[in-house]
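The same chain A turns up in both complexes below, where it pairs with chain B and then with chain C.
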Partner chain A sequence: MLSFSNISKSIDTWLNATFNSTWTMLFEMVIAGVGVISLFAILGLVLVLMERRVAAWIQIRLGPNRVGPGGMLQSLADTVKLLVKEGMTPDGADKFLFNLAPFIAIIVAMLLMAPIAFAKNFQLWDMNIGVLYVTAISSIMVISILMAGWASNNKYSLMGAMRSGAQIVSYELSAGLSILAIVVLSGSLNLNDIIQSQADGWWIFKGHIPVIIAFIIFIIAVTAETNRAPFDLAEAESELTAGFHTEYSGMKFALFFLAEYINVFIVCAIGATLFLGGWMPFHIGNWESFNHIMDYIPSSMWFFSKTFFLIFLIMWFRWTFPRLRIDQLLNLEWKYLLPISMFNLLLVTAMAILGWHF
Partner chain B sequence: MVEEIGRTADGDIIINVGPQHPATHGVLHLVITINGETIKKVEPHLGYIHRSIEKMCESLTYRQFIYVTSRMDYLSSHINNHACALCVEKALQIEVSSRAQVVRILLDELTRIASHELWWGAMAMDLGAFTPFFHAFRERETINDIMEETCGARLTMNYIVPGGIMQDIHPNFQKRIKDFIKLYKSKISEYDELVTGNIIFQNRMKGVGYLSAEDAISFGVTGPAARGSNISCDVRKIYPYEIYDQLEFVEVLETGCDSFARYMVRIREMNQSIRIIEQLVDNIPEGDFQTKTKAVLKLPKGEFYQRVETARGEFGVYIVSEGGTTPYRIKFRSPGFSNLSALDHMARGSKLGDLVAIMGTLDLVIPDIDR
Partner chain C sequence: MQEFKKEVSFVEKNKIAIKKKNMFIVNYIKDVFNGVKSLVVGLRRTMYYFSHHKEIITEQYPDNRDTLVLPDRFKGEVILVHDENNEHACTGCTACELACPNATIKIITKFDISPEGKKKKAIDKFVYHLELCTMCNLCIVACPTDAIKMAQTFEHSVYNRAELTKVLNKQGSKIREGVE
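Presenting the complex of A and B:
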């Protein structure tokens, strides 16, 4: 069978048979690194094209359709353009921090790839604190934005960074609390265990209304955390021109751009893993034959289709809603989302203790 | 004059918004003083697109100077032309045929709808929603097609001459307008679904940019911006020109005095314009489209003033004539200039994001302000 887990297993066996264990370890790390970087490149190209296509579809226009078949190579052409552009550093900028910020952004996005299970038994690092790891690492993202805004020595950048700081720190709370709801239900921080706990049905179906509320809050919070419209105050085009990356150009800008899309992918992957069962096929209770047919669809297909569905949802938000104001944004979090998700967590805990879920 | 870069004595930050900025819709330069996100002062700096149109008009004849006015408020160029032609006609006491009058009004109202539609898209874009812009342009294109067919131009119409209109209407004119009305009525509900009813949008607009009726009058605010503060100032009603006094339409007034009131005025005004068009489109009288006038117009010695209602407010043309073929002095009263003067008053104390929204509800066209 040509599944991801089989391929990785056969590579592992071959490497172990050919080299000693140290070299095998080293080679595997290199392969994983190259894999992540190429996944980055592919995701960047696909997501940018997808965004432009979705936007065009919502905005009754055609979107990119000239470069390559159906405009497929448009984002490749854009990447080449960004690569050959001059990456300028403004005169008054703090050069070290200015150049460091985009790399932190991209490294954070890379680190977040580690615990995600892309398919059955196919994961870079099966750690037992997967959920905690994700929430911890994703907080570092705000440092790169603050760094970029501060080092640019530009008032627009600084304001964008300050907004982003307030926004990401506050929305992490409700994102974390809604993630906790699933942790409480499945009793584990390990992403694999969480997926396994959904073998007889995804949490969004099993968990009654509290989990649906948690899911909605999660989607809102991660949209804010990734600085996507309607919460794109950090770059607020009509107010701050481009916010924290006003002064960035060329590949340094491209890294921020890429990090944003990769972050969208990651949060959607986490959302799909926690609420929609990750790579777990759609199973209904004891419908044996139905479940059997569903198992035939490859697990990677399940994972990516769920993730891309959530990505589509977030893109749909972006092209439909106007932007919130900074005080409204913080009000929404502190006055509505946080109390609701706290109360919701209590409900979920009661539900888990009493075993009311399916 | 404040220091352009840096801080004030109180430690507030001074930011230059513009002359190149996505929110100013042109080369407007706002020097804003902010404390954190809160706006303390807005100081508009003008002159980046000043072409001295008023001075230019002094060396152009009374037929020629109309074309320059298309370049002022380019979104209601037809209405600007209309004002100039009316002023010249008033001075020379030229009778305009009823056919020309009806066609002028039809195109005026189409221009108003086109302008408000562009404003609607741009307004939503200021608030961070990109999609409405494309939806607005879908309908606006239809109007531009009508203009193109009849006037030969899509933006700077130059269709009105003293004494009537430049040429007769295109045979498709009425049919195209009826098609447009049908299209408009089927699509207008989308505007409300996409933007007006949106909770984020309403929260951004309601109670923001308060402009009381007294302030609106003292700043000389006209047009939809003033009618949002419940001031009856529609020139079409108060000083009717052409045949506006025979038409059935209501002057849209809102009592909210905030951004949302100004928004609703324009949305409702589009429906009133449609109502006017519906009354006229089937009743275009037969007859000459242009009254015979002399090849070279000479205005009698004196001063002449004519005002019309453009999409942005009251537009006035003031001609001082010494009896020659060119005016001695021309002054345009443009609505954008006085509306902009209220911006500082409205934006003080609100957040930076609101400044953009308030500016959007004023519907500024920069060449109209600078001339």
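Presenting the complex of A and C:
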């Protein structure tokens, strides 16, 4: 059967048979890098188009409908436009940091791809601290935003960057706590183990109400962490023009833009892995025949459909809710989400110890 | 008596304070509940729109140019109404010119000699600067003979700004009989 794991395995055996181990290693790295970059490009095109279409339908419009059949090539045209534009650096900017910031943003997004299991036995790096790695790396994102804001030498950029710093640092807490709920239940930091622990049902069904609360908090927190509306204070078009990327143009702007969408994809992939079972098909307890039928749908299909479901959820939020003020934002985190998720973690721990979940 | 009253009110206040303290956690939960509820209401509304995307409200403009229906009150540009005999109702009174806040209209008058040999004021040119007009409708209201009105045309773009300066009275047109 043709699947991602079979393809990667056959490539690996072929390389091993033809070259010595060092070269194999190198070639595999190159293949992985090219794969990740092309995935980025495809994701960027698809997600931008999806966002515009979802926005249009929610606002009772048609959305892009000029370029290509039904406007399908709109984001491709936008990409070409951005590629041929001049990437300007303002005179007063700190040139080095200004040009470095978008690359840090994209590198962080790339690093985050490593532990994600796209399909059964298909993962760039199966590490035993996957969850910790993801939470740690994703907080580097704030550095690129602060760097961009500071180096632009523009008050709006700096203000956007500071807001974003406050926001990401505080929402990381509740995101971490809600992730911990799943870590407590599955007893492992390894993303593969977490997926395996959901073989008899996804955590969101097995974990009763506490896990559902953790899931909701996770979604809210990651929406804030990726700087998307209703938490898009960092950009806030109407007040800060575009926040930290006001001064960016051309490809450098495109990198920030891409990084935002890639981050959305990644947090949704993590959310799908933790709460909805990653590539694990929809299984119910020990209904063998039902589970067997579900296994016929390829695991990569399961993973991508769950991830895109979560992405749709986040887009739906964006086009429904009005933007929060900075004080409301911090209120929401420190007075509501954090206490609730702490209490919730306590509940989950009790549940895990007493074995109340299925 | 006075003292006693004070005492009572103090105790009363304390009771209220204690009650408030007990209410805090209730209010907190209520807050969360109400917040979530209002968000869900919003989400349901947008989901309704999302799933009914055939009921779009936007005009597909260049495609539906032939069938486009504009609302009555849409104001596109000022025109001078001519009937089939190439006659209009403008007496050249310049009320519209005076009413216009932007000096958009310039009425150039001349004197017609009537068959009886009497001199009569009439318009030579009704000059209208579309590029200055804000479509405020004041000239239309000011005109005593309802000679001008707002048209619904809106595709006004041209390559040369001079083309926006228009003479509204048509070639050889004259004032309708009986309009004073």
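Just so we're on the same page, the second predicted complex is superposed on the first by the 358 of 358 C-alpha atoms of A that agree within 3 Å, B and C clash if a C-alpha of one lies under 4 Å from a C-alpha of the other, contacts with A are read in each partner's own complex, and residues count from 1 in each chain.
We adopt the following convention: a residue touches a chain if its C-beta (ideal position, glycine included) is under 8 Å from a C-beta of that chain, and two chains touch if they have at least 3 such contacts.
Source: prediction; values computed, not measured.
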Which of chain B and chain C A:I326 touches, first, second, both or neither: first
Partner chain in contact with A:R61 - chain B first, chain C second, else both or neither: both
Partner chain in contact with A:W316 - chain B first, chain C second, else both or neither: second
First, second, both or neither for A:D94, with chain B first and chain C second: neither
First (chain B), second (chain C), both or neither touched by A:M159: first
Which of chain B and chain C A:D12 touches, first, second, both or neither: neither
Contacts of A:Y336 with chain B and chain C, given as first, second, both or neither: second
First (chain B), second (chain C), both or neither touched by A:E28: neither
Which partner reaches more residues of chain A (counting touched residues only), chain B or chain C: B
Set of chain A residues, in rising order, touched by both chain B and chain C: 58-61, 319-321
Contact footprint of chain C on chain A as seen in their complex: 54, 56-62, 316-317, 319-321, 336, 340
Complex contact set, residues of chain B against chain A: 13, 15, 21-23, 37, 124-131, 133-135, 138, 194-195, 198, 200-201, 203-204, 351-356
Interfacial residue positions of chain C with respect to chain A in the complex: 31-32, 39, 42-43, 45-47, 49-50, 52-53, 55-58, 60
In the complex, chain A residues that touch chain B: 55, 58-61, 155-156, 159, 163, 229-230, 232-233, 236-241, 319-328
